[in-house]
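Residue numbering begins at 1 within each chain, and the chains themselves are lettered A, B, C and D in the order written.
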Amino acid sequence: MIFYISALLIIGIGIYALIIKKNLIKIIIGLDLIETGINLLIVSIGYVNGKTAPIFSKDVMNASLMVDPVPQALTLTSIVIGASELALAAAFVVLLYRKYGTLDIRKIRSLRW
Amino acid sequence: MIRKIVYGVFILIIIAAIAIFMSNYKFGVDKMDVGKYYLDNTVPQTGAANVVTSVTLFYRGFDTLGEVTVLFTAALGVAVLYFMGENKRKQKLQESNFVTKIGTRVVFPFILLTGAYIFMHGHLTPGGGFQGGALIATGFLLLYLAYEETSIDRKKFYLVEGLGGLTYVIIGLLGFFMKGSFLANVLPNGTLFDLLSGGIMLPIYIGVGLKVGSELSNIIDDLMCEVKCEEAGGEE
Amino acid sequence: MNFSLLMILLTPIFGGLLAYAGSALHKAVRNIFFLIFLILPFFELYQYANKTIDNFYYLTVLGQSLSLGINALSFMLSLLFSLIFLLAYIFLLFEFDKSEDSDLAILEFSFLEGAVFGVLFARDILSFFIFFEIIALIIFFLIGKGYEESHNAQLKYITWALIGANSMLAAVVFLFFKAGSFGYAEISGYLSTAPTPIVLITFVLFVIGFLIEASIMPLHVWAPITYAEAPDSVSVLLSSVVKKVGLYLFTIFVFSIFGLNLFSKIMPRVFEAPLIMYVLQWIGALTIIIGTFVAIVQEDAKKILAWSSIAQSGYILLGLSLGTPLGVAGGLLHIVNHSIFKGILFFVVGGVIYRTGTKNLSELGGLIKKMPISFISMLLAIIATAGIPPLNGFVSKYLIYEALIQNKEPLLLTIALLGGTGSFMYVYRLIHSIFLGQLPKKYEGVKEVPILMQVPMLVLSLLALLFGVLPGIPMYFVSKAEAFLGFDPIKYTLTGFPEQPGLHALNVPIISAALMGGFVVAALIFYLLPKTRSVHQLDNYYAGEILTEDVKYNYSFGFYSFFDDIIKPFNEWSIDRIYENFVGFVKTVGDYIRRIYTGNLETYVSLGIIILTIFSLIYIIGGVLW
Amino acid sequence: MNIYILIFSYLLLVLTIILSILAIHVKDLLAAVIFMGGGSLLVSLVFLLLQAPDVAMSEAAIGAALTMAIYIVAVKKTEREDNDD
């Protein structure tokens, strides 16, 4: 249960950073926190009390003793995609800084069209 | 301040909604549905010991191809973004100390080796192409941090990356032509716990590992190059 | 050797890819590669003559097998389109000669041909839709390589293509969920028992999509600018292939899938046709008259052709929607004939532009001595366009007129005949302004187009002449297609039509011979009786002044200004204006909506969060309530 | 789940949350980034305790190491102080 609660808390902190913070890097950190929280949530959904990792070995050959592999596989994808999204965001931030000389989103107002 | 409180309430509402939703799924209780099928059938169908790998690569291989594509697009995006802007500002990175330099020399080959080990044993032990590739990229990151003058040969990295991606697609197409569906298993499953088992997973993960490693290294190179990429940026 | 339909479809695509790869080696390698792959479809199609195949399954989607098939109609059209693609490709090689992206153009070209085959062979509503959209997309890319305004044209085209696509997609999805299958046969079976509103709505949705591609009147707005600004070889494809694909689908859907019987069952008959077909007849007639009259006052060579093309597709629509064996035969024959003669016109105009660099009629003139072969081709083509024997346009228009007489529709007949006269006016303006009159000084050095570029014009001109004198050749295919559509094919002979109900006997060679005889007599009188003297164009005087070469003395701007004055009040009413007003309205509304976007990142994030909060609240409250 | 492991994971989660709060609170962006990386590393340990070694490995290699490197580079290339509010 604590896993759920802390995952939700992490998500909440992330959303808070996303809205309240004015600094672009803080905003990206907020995004990253949301992603981490969601990954934690998904993996903890798949957890089953008293079962082991879904990897067969010479000791563990019984499939009924394993936790759910599907959330883990999904989270694997999610982490990689999160990292690539982050790299892209970081590149944007650096470019914005080059152009405007600031990280404060209140001063970067060219999103209007 | 009022703003913060209002948004705090909003966040609480959102989290409460997720929490109410989650209350349907008790923690630690077995709620497997598809998972059961994968657990029961992984060994006979794929011959891989790591069920997570078999799910990512065998049952949901098409997904992973998409994931690789996303990664590729992100690397491309970073490269494009960097070479679009003018690289005027030069900023010297701090000179690293002696211990880092020597330590990097010692550790770097082992990092590469470990990375390769991880992605080659993806179907047997925890890990796989993404993790191994990331580890390899970390090795290059270390190299960058330790040695000011490091600059990877982008052409070769692009080649490796392309070959890795091509492996994936070609194996998929082989499945399409030989078995009638994209990414069908065309290789024998082998015996469990052997390195050469798991059908197409081993070659795919080797391809993915190489691809991810070179891609993330490229991203790092893009991000690190302020001083160094004058020549790389010049050819653009 | 046995070629499957899928292989025919893939042949040009493979060829294009190979050619694209070959372009790395040498341009000649690329050209020859692709040429081979453009000729191959003829051989592959050969074995499908006189065959009807309905279910060649190639893919499974949503548990449904998608199938390809071929019938007499699609066989005829795929043969014709293969020929036009081949010729347009030869032309394209010259047109994109200097262009950087000719390799890419060839690749797009190959995909276009594959997609056209796909539409012709499709036997289910999903495949046809997908291939149709591929056509639209590739045409969109190809247009952009054209003249200065082409990007504007691109936008207009894609907007309209998307309107058509969405309307068709709605019908496809709706029918799929109702009938549970994509196949033409199953859809047809479902429709025969479906409630009337469903039949009407899906029919209108489909027909909007087809008629946009065929540029029929209220939906033609994209056509003039697109035809005029696209590269010349693409204009040929637009007018001779893509438009005909739209009309092919119209034919298939009206006669084979929905079926005239179904319409007669659910709606009253007017003038021996179901009400909706009668409406379509009037739409076709309006297209004829407006297209023709607007074409007359154009100043741009390709715009004349564009409007003429719109008018001629009005004839096809009129003939097809008559729904009688005679009318359908006329419509189908006109599809073939129009593809041929409009192809010549676009090729010739393209060649003139290739040599002179302008498509503005007032800058051209007197090229007859410089480009004699282009002149002869265009002469044949305009005779065909005006519907005069012995060229092919005459036969199909004759059939449509006779069908109108048979249905006793004097008003529509008058319009069709008026359109015929009008078309003579604009084609005469075209040939006069380009080839006759005084040669501007800057075009002294203009040469005839290269021999390979003459091939497309000459081949099509010969076909136009052949099909005009011996209408039995195209009628062979047309009557088979008609039989496939469920009509009693009209009787025909190699040289014309025997006397039969509703159709008077016609023997084109005799008419042609009489006409030729008349010409010969006139020529004899002209050359033999009074001794005529050939004088130079400038050996003349004009308002008391001696003419010099640098003064332009024949007028080619405002050629039909008297006529322009007559129709000017009607031009004010143009449909474009309605659309423009609508666009202005949408822009105003959008401008207001835009105010939400303040340009501040916080606003966007808070918008997202607020929406998320609203959804969460709905979820929580909903959970409490239920 | 073993009671010691459970307590350990509680500890890890509480630490993670504290690190996350610190990460968004501190003014020094470099420090924030390092807190963030530490949080990711702890989360990867939690994944390990949740019997997800694959995910743990990914999170450690990609989420903690690479992401942090990207952050550090971004901070290095822009500015280090978060001087708003």
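Here, a residue touches a chain if its C-beta (ideal position, glycine included) is under 8 Å from a C-beta of that chain, and two chains touch if they have at least 3 such contacts.
Heads up on the chains, UniProt names are A, B = Cation:proton antiporter; D = MrpA C-terminal/MbhD domain-containing protein.
Worth saying up front: this structure is predicted, and the values here are computed from it rather than measured.
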item: Higher-contact pair (C-beta pairs counted), A-B versus B-D; value: A-B
item: Separation of mean Cα positions, chain B (Cation:proton antiporter) and chain A (Cation:proton antiporter) [Å, integer]; value: 15
item: Computed distance of Cα centres, chain D from chain B (Cation:proton antiporter), in Å; value: 19
item: Computed distance of Cα centres, chain D from chain C, in Å; value: 63
item: Centre-of-Cα separation between chain C and chain B (Cation:proton antiporter), whole angstrom; value: 50
item: Sites on chain B (Cation:proton antiporter) at which at least two other chains make contact; value: 7, 11, 14, 18, 28, 50, 52, 126, 128, 130, 134, 216, 219, 223
item: Two or more partner chains touched - positions in chain A (Cation:proton antiporter); value: 3, 9, 15-16, 19, 22, 44, 46-47, 49, 51, 53-55, 72, 76, 79-80, 83, 87, 90, 94, 106
item: For chain D, residues that touch 2 or more chains besides their own; value: 1, 52-55, 58, 62, 66, 70, 73-74, 77
item: All touching chain pairs, where touch follows the definition stated at the start; value: A-B, A-C, A-D, B-C, B-D
item: Chain C residues within the chain A (Cation:proton antiporter) interface of the complex; value: 594, 597-602, 604-606, 609
item: Residue ranges of chain C in contact with chain B (Cation:proton antiporter) within the complex; value: 606, 609-610, 612-613, 615-617, 619-620, 623
item: Residue ranges of chain B (Cation:proton antiporter) touching chain C (in the complex, touch as defined); value: 7, 10-11, 13-14, 16-18, 20-21
item: Residue ranges of chain B (Cation:proton antiporter) in contact with chain D within the complex; value: 28, 50, 52-53, 91, 93, 118, 126-128, 130-131, 134-135, 137-138, 141, 216, 219-220, 223-224, 226
item: Touching residues on chain D, where the partner in the complex is chain B (Cation:proton antiporter); value: 1, 52-58, 61-62, 65-66, 69-70, 73-74, 76-77
